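Input: structures, listed below.
Shared chain: subunit A. Partners: subunit B in the first complex, subunit C in the second.
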Partner chain A sequence: MSGLGFKVKVYMMKIITINKEDWAKGLERLCDSFRLFGPVKQDEFHNFRQLVKGELPDLNLLNTRLSAKSMVYPQSEKMFEFTLDENRDDHHILKEIHKDYSPKAVIGIRPCDARAFLLVKENFDTPEYKDPYWIKSYEATTWVGYACNTPCSTCFGTTAGCGPFHEQGLDLLLVDAGDYYLLKILTQKGENFLTAAGWSSKADSDAARHEIETLKRAAEEKITARISTDKLKDKKTTELFEAPFWEEVAFACINCGTCTYVCPTCWCFDIQDETIGLSGIRMRNWDSCMYPIFTLHGSGHNPRNTKMQRVRQRFMHKLKYYVDKYGDGIQCVGCGRCIRHCPVNIDIRKVCDLMNNFEA
Partner chain B sequence: MLAYIDKIREISRRLLQEGTVDMVMGFRKGTVPMMNEPCFVKTPEDVDTFVWDSNCGINLANYLTNRQEKIGIIAKGCDSRNIVTHIIENKIKRDQLVIIGVPCKGMIDRRKIQALFETEIENVIEADGNITIKGRGLEKTLNKKDVLQDNCALCIHRNPVIYDELAGDLVEEQKDVDRYEDIRKIESLSPEEKWRYFDDLLSSCIRCYACRNACPLCYCPTCFVDESRPQWVGKSIDSIDTRTFHFLRAYHCAGRCTDCGSCERACPMGIKVRLFTKKLEKDCLELFDWEAGMTLEKRPPLDTYRPDDPDDFIK
Partner chain C sequence: MQNPYLPYPVRIEEIITETEDKNLKTFKFVFLNPDDQEKFNYNAGQFAELSVAGKGEIPIGIASSPTEKGFLRFTINKVGLVTSYIHAMKVGDIMGIRGPLGNWYPWEVMKGKNVVIIGGGFAFTTLRSSIIYMLDPDNRPKFKDIHVIYGARTPGMLLYRDELAQWEKRDDINMHITVDGTDDPDWKYNIGFVPTITDQKAPPGNEETYAIICGPPIMIKFTQPVLDKLGYVHDNIIMSLEMRMKCGIGICGRCNIGKEYVCKDGPVFTLTQLNNMPKEY
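== the complex of A and B ==
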């Protein structure tokens, strides 16, 4: 642990100034050694996708509509291919599909999404179980964070273990300082990225650090939404589970799953085989505990047969089971997406307070 | 419209006090601008949580499906038509309901409004047919008429078609509305152009099914996309599977859809899913002179047969 602390300290010393013209040139140079991904505006909102050479990430945004989780964990991911043609020796044998794990960089990821990967990692990269696709993809990526000078109105990151300038899970942090960017190098990966970009004008680190600190404080002050999570871990699971408020919380919910699909920390998936003629693939697709078939057994029995049970599962997972299992806070980074996009305005901040303040 | 709220609360309070209903369904104030949350109230003391403004676009008929209680329900024109459809399709009984009709003047489109501004909207105030928007360094007043949901701008049945109580005077219906301009445009495309048009339209669909789940018509215990034996449709975001879902869903809504706009309002990706259902609505009007949910007396065209059908092929 102390080694890690030391490393972080060394890299934190280094801050680079980039004027906005050099920004474009550096990105172009980076295309030779990285696949670049960034937010791009389509229709009325931004989402992440691969940038073609010469294309700039659009940094004029609050946040992307969908989180950055698809950068590591796509909504539909092919795992294996197979043939059903019994004339072939390899029929019915699953064969791994080749995937591109060459270095890539995600530019413009917000600190909440970057920290979310660390929460998800608790599940996909454990001592007993390793998800090869997730891990390889995550490790191939350099995370170039983009600090939020103007956090979204639904953001409650500062009380959800995160914040607009949070650095956990990032290799570099880009700060918009008006006429120029400040780039803070946080890891060795970040250092390599910088070298490939060729940006070299070192900032006066004391002044730059002060500038970032000022912007950070200003941004944090703009966040007015707060949650309390301090009492969650001491609550009895069974009592929360039986709490009388679930019927009312769940009433409006239409079990659409939007909250879980837009969420950077929701990780559930479903594995499916699909065939066309005699050839097939095995893939995994995002799934959601809000869907009735998520828990439908082969026997026809469904242990979470009602809407209330499903809504309760989502909040209990994020705000109680996760808290108890990993001892690392809640399974939420406070990005506010589920609040903005829930069609019926179910608000996790309200539910969190109900749970935290609940007395049986 | 804002003035309805006193009457809504008064009626709801009375119904609960007299024990005529077990609960009243309506809306409470949302936690973000231009959003209200569907809710229920079970005691007379709680009726003050109800609100009414131009952010009540979600169709409350969706919450009635298979309920057993006696229910008071606040119903705009479109909700009332979906209630009619629900009654015809045996999803709720007429005598379980006390319908509190709300003559509607249209709901506003939060995405359309946000798209007009670079800055995030933080506060919205509604008064006298105007919508005042506030955000960081932003203050602007818009005419509500210009920022209605697309379906509300074209609505010709704003008054509830069925009700037991009224929360306000009936409003004048919009006349001379060309409801199908967009559909005629799509109809005139060549097959290749249509294919491309639908591909573009659905390119950002994430198959979350918010559109389906927000729709009062979509109450099947297992939707065809969720069937696994046999599995009719793949579950990835493959464009053919996505299109299959949308086309088939639209056909299942033919002659039943009231163009309430809940589906479109719910879509997190802002996809204009009503274009599909509206085509079928247009066909039903042109072929069968049928508008959904207007009367309890007649069954919808696709679940009925008439011996005097003018078409020969059916005889």
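== the complex of A and C ==
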């Protein structure tokens, strides 16, 4: 039996019950050893941010507007600092910036966003190169998932390698059982989190497991949208690339970039320098394959000059290039955000079917 | 954890204006920390990110050869924000270099083979690195015949003119220098576009002969049919590609052709590989 399998087996046994009054007390205790983050409602939408002491994550939500990716990979992130002051010995030399990688816990992340980190990890943590910012931030984090009793209307997670109670990428799974929470401990990190929180009322594990199973099945049944991805791997890249449907798929696209912005598995970034007076920083910012400048050469040549080429890139990357590069399925967890927020109703589920069923 | 985004600090040691339009300059850099030079272990065909604090980074092919010790050379075309700034920098100025990055020409595979280098315009930089590498006394016996077909618009637009003249005099390398046109009555080399000269001068293709091509897209487009006609095998046609890049290490996402990142899986691909990739470059 593999090490991972063994671990899962041990921790699957442990489920605790938390009264909703004890929930707040535990979070308060956690503040001593963790920086806590969770969904908070700002204006009309929920998004993740750091919680101040005594503040509770707002778990009355379907899902956050933006994915949880900023918890590891902020939209703008400082990489280095430097001085341009030639009177200083270290002028024009880039220096590392001190960052806070002390333990933090993200509470209320949905299973789709948690699994998305595992897909994105393939990109930032490679055998050849390690992205230190992403890896240190990810490793410093304890992931407290929040099972979806009521999945979003556009969710297709169950056929995208995920699901409303999916546990991959989580350290704990919190389940709302009505009057109380059930908390399933999945990893050693999860165990440490539990100890720090001080919740101790162990549930009758058989009954709790049965209760979670019932809620899980009910949630999964609510997800009716499905995709098929079984044939993507065997398609020839060059044939899919030349498929006739791309013009039609891209026709209405306005290249606004919303899909890439809300997506938990979109990871592209730009690197820019900024200076104020004689001091400066090098930073990275989320970028998007929807923008023409993303690939514009200095010479003026642009390999993805048209919106069709850019739309094709996004779907080919998620549903074909990623599949071929890592052998770990599609680069999508089925959260449905891009479908909900696309201003012209481009639907990745339809595009996936077009690709999966395409015969050259 | 080593930070792959952190450049090594370097000092500009020498600046040479290469071309008559003054748009191409060669910069010689030395590392501020000798240890960094040890770590910067590269092969001919690789590139690096040149970093200027406050301006940004640009990916540039390494023009020096791994057999030249103690410094790095890059020939930089003045195009955008960073390259224009570098063109205005002075000897002694401090900047950064990150690398070496990408793959390189397949030197192990080409051992014992004929090598034909085909270059046009300012894309001759990693080819210069390759020639110096092959002509090194330790390396020259590893290769059979070496041909170089190199063209520019005018004689004054050729890079590394002193070295070209020296190579012309040697008997262990066959030089075929060409210009699109010239009114210089003393011009003693070829006149004509690179594909035409390739047709006239390149040795016939076979399993024992490799072509390394680097140049503007139009040159590559018209040279490829010539190589086909001469019988070159697609596995033996080696090309180096360019793309807009940022990270240089296959992470930031912009320089892909299909599932390959030009910065990390390339920039060097065989024509066989390119034929199986989307035509998006």
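Here, the second predicted complex is superposed on the first by the 359 of 360 C-alpha atoms of A that agree within 3 Å, B and C clash if a C-alpha of one lies under 4 Å from a C-alpha of the other, contacts with A are read in each partner's own complex, and residues count from 1 in each chain.
In this section, a contact is a pair of C-beta atoms (placed from the backbone, for glycine too) under 8 Å apart; a residue touches a chain by one contact, two chains touch by 3 or more.
Since the structure is predicted, the reported quantities are computational estimates derived from the model, not experimental observations.
Superposition model on subunit A: subunit B and subunit C are shown accommodated side by side without a clash. Looking at the shared chain after the overlay, A:132 reaches subunit C, while subunit B stays out of its contact range. By the touch criterion defined above, A:340 lies against subunit B but remains apart from subunit C after alignment on the C-alpha atoms of chain A. Touch criterion met: A:62 reaches subunit B, while subunit C stays clear of it.
When both complexes are overlaid on chain A, the residue A:76 reaches subunit B alone and has no touch with subunit C.
In the superposition on chain A, A:262 makes contact with subunit B only, not with subunit C.
By the document's definition of touching, of the two partners only subunit C reaches A:317; subunit B does not. In the overlay built on the shared chain, the residue A:91 is in contact with subunit C alone; subunit B does not reach it. Looking at the shared chain after the overlay, A:294 reaches subunit C, while subunit B stays out of its contact range. When the two complexes are overlaid on their common chain A, residue A:124 makes contact with subunit C while staying clear of subunit B.
Remark: in the superposition on chain A the angle formed at subunit A by the CA centres of subunit B and subunit C amounts to 90 degrees, rounded in steps of 10. Minimum Cα-Cα distance between subunit B and subunit C in the superposed model: 6 Å.
Residues 270, 272 of subunit A lie at the contact with subunit B in one complex and at the contact with subunit C in the other.
If you check the complex, the residues on subunit C that touch subunit A are 1-7, 9, 32, 51-58, 77, 79-80, 83, 93-96, 217, 242-244, 246-247, 249-259, 264, 276-278, 280-281. Put simply, subunit B touches subunit A in their complex at residues 30-32, 35-40, 58, 62-63, 111, 114-115, 118, 120, 122, 136, 204, 206, 208-210, 212-214, 222, 226, 228, 234-238, 265-270. Note for the complex: subunit A touches subunit C at residues 79-80, 82, 84, 91-94, 96, 123-124, 126, 128-132, 135-136, 237-238, 241, 267-273, 275, 280, 282, 284, 287, 289, 294-299, 301, 303-304, 309, 313, 316-317, 320-322, 324-325.
Residues 42-45, 47, 60, 62, 65-66, 75-76, 150, 152-154, 248, 251-252, 254-258, 261-262, 270, 272, 274, 283, 285, 288, 291-293, 339-341, 343-347, 349-350 of subunit A are the ones that touch subunit B when the two sit in their complex.
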